[in-house]
């Protein structure tokens, strides 16, 4: 079986790349997917459909275009990894966690120890809480071994 | 038809009470439910099952006990209102939004205008964004009229 | 058993009232629900959330507020009646029919004989095609008899 | 991941071909499917099962045979594009939109600006409204990028 | 809890009445539902929508009107009893059994011993095979006891 | 797209082979599946698990082993063809039809004109009624054309 | 909201009664349901349908009759409590836990500390592990408070 | 069609290997999956995420990591084989059986005759009870034959 792993959340550090590369080196039967992680491209995702005067509707239009991609990828994944960084609200990551939970998609959270209290509901519905990409890789090696 | 409305999110202002009272005055056919909104009681929800040395497991145990209640209430609601305040991470509110979205439960967000950018994914999946409890009440009056 | 019947579609003639009254007279165990059928109120459903310069976004905002109501009512109904009149596009009625079909909610269409060709897909997924409210009432009497 | 995109609606202009060719040129990982778009063949789809005297039953028989194909293709798609042209009722396109919405299949609408008011419910449930095939292609390029 | 029991199948003997009366006497918390069991009325269920020249389409129209009732009742039941008599094809009873099986609705079959071989697939998916209405009543008394 | 077509029902004539061969000749992108059609092997399917004294339990054991296969194949099919012959009760075929209907799997019935009345419920839920394997092949050619 | 709580598992101690009485005293809005807990009656549940020579088929017949009740009650519950005692295999309790987990029904386990290792998979999918009926009552008071 | 068979339960005898090898020799179109069957590795599955002082939380953490794998594999399987040995509680095997039953995944149990009474609920929901790996192989040969 090939595993489809969705990588959700923070886009300002190299955690995705670290996980993907380590899993490739370990030759895991895993395909990774993700939202578009280029911040500016993501904010502008809907601009091609018409420029908006109001920031709210520009955001709305772009968020929906992004959802075309992310909903499909989450619905098709076997497992998700959901990363929370130190900055920003990152409500989209928590939204993805709730979406996975309701669909019965098991997920791993990835965040530092100082976020455990505000993330307690998100972690309680997770199958694992990792503090480093290396731990996620270890869990994926274990999970996908033949 | 009687409507079941779940009120999710911020617990430090009186928005729930304002909505409930205004809907009662308007004699709407609505029953409201909510997580336990007493912060300390919520953090201690699992303590009766055994005290934990580690903050992480105390949180875990309590978050799961709270989920007994909140999962059931969300699965039984017709509509949710999800409130984001000015402080704290409030990832549980975004988690509830994602959970509702995946179940096809329509929801209204309630937050001030300066949060629209970080909430764009949550708002894009919502049926309405309100900035005040009064607006939520207006929407509920419209939605539930006979 | 009490039956919940959703009345969808055309809002310019008295077909809803005719069906409701005839069923009440026949003392059927039926509760009827419907979208808000006041055209102006429906178009303005979202205005309370903020006035929009762009007609598209005003429509969008109002259509979503209306969906709060209609999605819930359709998901809770046992049977739908979907009416197509002689004028206007009435795409929302066809949308409701598709929505019902995907959920496995049985529905009756109500339209004149000259619309059968363009409605063939909608009728093919229906359980009955009626040409008059009286026929709908007859079908409901038969369907809900104890 | 390979994406499966269902193209629904208007059959009198070359919009399908434009989208398919542009996506092939861009080497997108997309497979397109569609109802049978030959109008006469579609109307006659059921004739092989027996000729019908009544136009209604001929339409019924053919519409059901077409549904064999379209239901399966929609249930298997990841994303749909739903096109409304300037003529005809096109209720089958709106039906497909409602069907997608109920299944949680994200879709893009494609229509000119003068149809936004009658399509407001259909657009409100869509992830994007495009006015040209080029815009659809841009959205698909964004959505499916690796 | 009140139980909703759907009685499907053979309409030429008094088995429904026997079960209903015995359960009423035993004061079970059970509500019974059923297709319309008047054979002529059932065959003519669709006639109000227009008389058909072709027997096939008359049957088709009536069968769909009956399905308005039966689909809803089956989807709402907790348990079904499916009766096969000695005569006729009774394919609708077997159809109902398959429908229940796919929905996860537990059902009891009621038929004489000489039908066990042709009904083996239907019985294998059942929770009980009874040979008499009395046995069905005994099983319902056991099943619904408080 | 490759289509998966499940062939259910009567096992005493060569209708399966006729359909499969004609579809192969037409090079349709179709894979066919079926229950085990060797009557004796099917009746004995469970004997390997232990011989049973009672005919009822032998049938039960074998029917469940056959269900291992048929449930899986039906759940994985895109379209079913359900054949009723002139002899026997064939309740398993009607059971499969009900099972498909509840899962939303579109199906074609195949039977002669003298069976239309007792099969009216099964036909009403079908997408097509064919009287010959050739008609089924025509419908499959139409349905699966690229 | 009234809560429906299913009590599954061990039948040799008075834990059900203790929970029910304490919840009644606390006037919780809870209705409790349960399998038939009379061991002999449960083993004989199917005997009314015919005596069986083989112990295996007697068990099979009775287990299916019991499933008529338990499947329905579990599907209708909001929350389950699943009790493991010190004796016997109690595989039916673990089966119920897996059934609840797959349906997304939140459950509480109730067992002594020396069973935590063999129950680790069952506990991991639970929302709470209680060691005494009093703890279960405390959790239910918290969960159902208005 | 290729079949995906999940092998659940007892890990102290060579039953998995016997089934896999016999099926390979018979060239069945079957892929087998399983939980990690190395007992120590399984108990330690979560240790990489942080060592736990309390046995309960170590078990909890490991059981959740194992669930990442097993939930996904069960959700993706066509058929499961669930083995109960002579020793230990094996509640996870019964949990898997309940999980399969709720998802509608057909399964085969594999256990000796002296376990039939305590396993009656698990067997009643199974499609076959086998006493030896050879019988399982025979059933799989029959089930997957082309």
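The letters A, B, C, D, E, F, G and H name the chains in turn, as written, and every chain counts its residues from 1.
The definition used in the following text is that a residue touches a chain if its C-beta (ideal position, glycine included) is under 8 Å from a C-beta of that chain, and two chains touch if they have at least 3 such contacts.
For each chain, UniProt lists the protein as follows: A, B, C, D, E, F, G, H = YtoQ family protein.
These numbers were taken from a predicted model, which means no experiment stands behind them.
Least step count on the touch graph, subunit B (YtoQ family protein) to subunit E (YtoQ family protein): 2.
In terms of residue-numbered contacts, E-G and B-C present the same interface, as over half of their contact pairs agree; the other options in B-C, A-C or E-F do not.
With E-F and A-C as the two chain pairs, more C-beta contacts join E-F. Greatest Cα centroid separation from subunit D (YtoQ family protein): this falls to G. Superposing the C-alpha atoms of subunit A (YtoQ family protein) onto those of subunit H (YtoQ family protein) requires a rotation of 90 degrees, given to the nearest 5. Taking each chain's centre as the average of its CA atoms, subunit G (YtoQ family protein) and subunit H (YtoQ family protein) sit 23 Å apart. Separation between the centroids of subunit D (YtoQ family protein) and subunit F (YtoQ family protein), computed from CA atoms only, is 30 Å. Rounded to a whole number, the gap between the C-alpha centres of subunit F (YtoQ family protein) and subunit G (YtoQ family protein) is 39 angstrom.
Residue positions 64, 67, 104, 129 of subunit A (YtoQ family protein) each touch two or more of the other chains. Of all residues in subunit H (YtoQ family protein), only 55-56, 59-60, 62-64, 66-67, 84, 88-103, 113, 115-125, 129 touch subunit G (YtoQ family protein) in the complex they form. Those residues of subunit D (YtoQ family protein) that touch subunit A (YtoQ family protein) in the shared complex are 1, 3, 78-79, 104, 106, 108, 126-131, 135, 138-139, 142-145.
On subunit G (YtoQ family protein), the positions that touch subunit F (YtoQ family protein) within their shared complex are 53-54, 57. Those residues of subunit A (YtoQ family protein) that touch subunit D (YtoQ family protein) in the shared complex are 4, 31, 33, 36, 41, 45-46, 48-50, 61, 64-65, 67-69, 71-73, 75-76.
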